[in-house]
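Read from first to last, the chains carry the letters A, B and C; within each, the first residue is number 1.
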Amino acid sequence: MTQSDLDIVKKTAKLARLELGEAEAAKFGEQFGRILHAFEKLAKLDVANVEPMTGATALSDVVRDDRSKPSLARERVLANAPKQDGEYYDVPKTVGGES
Amino acid sequence: MSGFADYPKLDATSLADAIVSKRTSASAVVEAALARIAALDPRLSAFHTVLGDAARARARSLDEALAKGEPTGRLHGVPFALKSNMCVEGVETNCGSKILAGYRPPYTAPFVQRLLDEGAVLVGMTHMDEFAMGSSGENSAYAAARNPWDLARTPGGSSSGSCAAVAARFVPFSLGSDTGGSVRQPAALAGIVGFKPTYGRITRYGLVAFGSSLDQVSPFTRSSRDMELVMSVISGADEHDSTCLDLAPLEPERSDSVRGLRLGVPKEYFASGLDADVRREVEAAIGKLVELGATTVPIELPHTEYAIPTYYVVATAEASSNLARYDGIRYGPRKPGDGSLQGMIAATREAGFGPEVKRRILLGTYVLSSGYYDAWYVRALKVRRLIRNDFDRAFESVDLVVCPTSPTAAFKIGEKADDPVAMYLSDVMTVPTSLAGLPAVSVPCGFVSLEGKRLPVGLQIIGPSLADARVLRAARVFESATKHQAAIYSLEGAGA
Amino acid sequence: MSPTTSAPAIGVVSKKTGVRWIPVIGLEVHCQLKTETKLFCSCRYEFGASPNTLTCPVCTAQPGALPVLNREALALAVRVAGALGADVAARTKFDRKNYFYCDLPKGYQISQYDQPFCTGGGVTLASGKRVRLVRIHLEEDAGKAIHDRGDMTLVDLNRAGVPLIESVTHADMQTSDEAYEYLTALKEILQYVGASDCDMEKGSLRCDVNVSVHPEGEGWRTKVELKNLNSFKNVKDAIEHEIERQIEAYESGDKSKFPVQETRLYDATTQTTRTMRSKEDAHDYRYFPEPDLVPFHLDPAFVEKQRSMLPELPAARRARYQSQFGLSAYDAGVLTSSRALADFFETTVKLSGNPKESANWIANGVLANLSDPAITAKSVDELPFRAHDLAELIELVANQTIHNNVGRTVLRGMFESGKSPRQIVKEQGLEQVSDEGQLESWCREALVGKDKVIADVKAGKTKAVAALMGPVMKASKGSANPQKVQEILLRIIQTEL
């Protein structure tokens, strides 16, 4: 494993909200390097004039009517939450929007 | 108490027939299923939840309905199992992950509802590789299901429990999900039928997402006619899934011949890496199809070697995003972390996901991140197109493609657990079809002997887009001309 | 990027250095679309509904749930594009924008990245300056996180999945007033189209601002993003504050204080901004095409149909009210301030045949009542009477059935009871009295003891008679025909006294 594999793993883990320990990060770094190495053959193909295949169907324009259906009862939706107060999902205090 | 004695011998079609013609009852059938599970599953680990009381109650009401002369469904009283990434209201769907421990969905997947509407009886939820990421079932946070042909071996994955449950005759059919081969590969390794339909044939609503552009609900059955039956129930248009094709449910083909079908044999699938014994069985199976009137055509699928990296880039990219919702807010156990919101999210995910899931989230996050997106993700989408083009070109001159489902027979639990690259390569024969979105079935085609154990081999039959019925017809014709299906192993005597 | 007119010198001249600083301002505006259901699921949305009662598996991101696009949201968005003169793309798609936050249930927002449904277009300000749009895209709203109650943050997902259009301008504005005017015009247009309420208080319009400053004649400098702007006035104040802050920072000469690329939060109470995040911790959103949705083709017939459903827009109406009805620019502006008001005005004109009086009665009478806290109705949509009734009132005044002042009383009655003007006049006996005998007796009463007025009139100051009008009108409860009263008073004074 190179230092850069380890750095990539740490940076990526942060983006993905995975709190890896040092040992775990090192292990993943090593595997990461091997996986990416095994995948390098992709880079050798000429794909200059190929249209990316973004989906597995040729479907387009799938829409629904703007007609409402009953929503779920609140208890049912909140039932699975690890912390809720009967009205809201409760999460640790956070200020200042997305981060 | 142990119910209908012939239960393990019959497929779903025969069971429904026996119940509706009152040779037995739904209750006796369900009782037999539950008794068999209770006796043998401790060694198999197919199920994490067995819905004994609910199944019995439902069987009783089906029996009452029949007694009153009410109309019956096509699966009246037939027990079935679901992979644990499928939503049934109120039933734990944990995806083989600690992060969804105890999660009970507030809704039922439409494809499950269609089975229930035809009278099928849900008996339980099965073990699986966590979030369907794996090829052996070992990545489950709960238990690794075993292969009934050799308990030391994997039944394949990721739909390991659903496969084992059918292979062990616990249920005549079950549902798995196939993203890169997660139903076909286990079907081959455990000697049953596994079918991945054309992408979009079955709604994905209620199937917990792994790789959205690849995932398809895919059944396991013991017989090809059951596969046609189950598909005719669960396939078809659904308003909840934008990628579900606006088609009627699949209609099985009436023909029982393969005469005149041109079978493409791709040389790339018979190259090095294919076990010699597996090759022998598959070639014999193709010979059988020729004997039955089909012809073979050598074909090339030149981008096959790029399928594995392409698949792992596309599937992990989608997975990294699909699995972002597991943040400890709306469901699943929460870990406080440093007490902040983002700390809680990171700690929850760290504790909740197993190593393979983390590895794939990392890989997927990496290939989407700024600076790497074009080199990895966009490039993979382009190669995906080339792989699809290979098939399109092949299908200009052939009706079906035949090849092995898996390069080897079932491997031992633990054998590849520490080598992700080796594990990824076990999907090499199924992944290209997934990328192309094509229908493909694995049907038992023979056996190999390993360490004194008879292990099944699967023949993969691939069709062009939407030729699902043709694929299943070929499987049915092959099956009725061979005896592999009837070869019941004896679990009672197998392993210990 | 230069303004289209050679307008008066722009920018801010520093008192300290005499340098003329040119601000560069761009806006990003999110507006909720007025559809019945959310963008990707069939839940309704209603501002102020009880928390977490308008959700389903899709908008709470239950595992296995999938999005399906609301046709009407796309139609409304395309109509907006038409109103703003933007180009609708032939093909559009959705992408995932990935980030973690408690109000974002899926861990990604379904938005549009490289193929928005429309590009270009813009809004023309009163000065003639055009604020150009870069693009408009469709996306889903997040839920709401409440931070100021107790020791937890509370999450309500009712709003999660509500359709938004995000419009991004070029940095074409140079003053806070231009930004304010742009916002007002944009809001007006969206309201006219029926696409959005644009109510900042209810969060149905949200605005982020990009600001930089540079000395005249030099190139653009680092831009700063401002968030948390809760009213148009906040937007204006925040821009002014930020311009000042940046100029001061540059003029300090201390490079460590120079503006950096960052996001700053505005605090309306202190009227200051503070750093929220810097470029270093900027997001890597990892956009990629949403695999759960399919591409969309906006074929020309569909686009044309949406365009044909566009109403006449406010600027066009204002011009027409001036040319066709001879109204002042001011009145035309007042009457077009909302589509409902303008429509009400035009119906009134049609029924009364009297544009000027219709304008007067609406701009003064109706609007004054609407802003009176004692009146229940708060907007034209809530009026307890119809344009037909107002036209009748105008007619009653015009044909002198009632006096103008009585008309105001009648209008008040219409607001209070919803009764027709004729009915109110009849019930309260407000019809103008022209009966000579009755008028004469009121006049004679009013003359008692008014010797000074009488003397003045007799001396030729006929205007002095005005002092007697009040008592007569009072005695008649306003129903006396004032012209006749004046005639009678003069006649009595001049011929009898």
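In this text, a residue touches a chain if its C-beta (ideal position, glycine included) is under 8 Å from a C-beta of that chain, and two chains touch if they have at least 3 such contacts.
Note that the structure is predicted; figures quoted are calculated from it, not measured.
Across the two candidate interfaces, A-B and A-C, the one carrying more C-beta contacts is A-B. Among the chains present, the centre nearest to the common Cα mean is that of A.
Distance between subunit B and subunit C, defined via averaged C-alpha coordinates, is recorded as 57 Å. We define each chain's centre as the mean of its Cα atoms; on that basis subunit A and subunit B are separated by 24 Å.
Rounded to a whole number, the gap between the C-alpha centres of subunit A and subunit C is 40 angstrom. Looking at subunit B, residues 103, 106-107, 213, 239, 242-243, 320, 324, 327, 329-331, 341-342, 345, 365, 369 sit in touch with two or more other chains.
Among all residues of subunit A, those that touch two or more other chains are 15, 17, 54-55, 57, 59, 62, 64, 72, 77, 83, 89, 91-94, 99.
Shown for subunit C are the residues in touch with two or more other chains, namely 57, 60, 68-69, 100-102, 153, 155, 284, 286, 291, 293-294.
Note for the complex: subunit C touches subunit B at residues 57, 60-69, 96, 98, 100-102, 105-108, 153, 155, 284, 286-288, 291-294.
Partner subunit C is touched in their complex by these residues of subunit B: 85-87, 93, 95, 100, 103, 105-107, 109, 204-209, 211-213, 239-243, 317-318, 320-321, 323-327, 329-331, 341-342, 345, 365, 368-370, 373, 377.
Those residues of subunit B that touch subunit A in the shared complex are 102-104, 106-107, 199-200, 213-214, 239, 242-243, 245, 303, 305-306, 308-310, 312-313, 320, 324, 327-334, 336-337, 339-347, 349-350, 353, 355, 358-359, 361-363, 365-366, 369, 375-376, 378-386, 388, 420-421, 424, 436-437. Residue ranges on subunit A touching subunit C, taken from their complex, read 15, 17, 54-55, 57, 59-69, 71-72, 74, 77-78, 83, 85, 87-99. Residue ranges on subunit A touching subunit B, taken from their complex, read 8-9, 12-13, 15-20, 24, 28, 31-32, 34-35, 38-39, 41-43, 45, 47, 50-57, 59, 62, 64, 72, 76-77, 79-83, 89, 91-94, 99.
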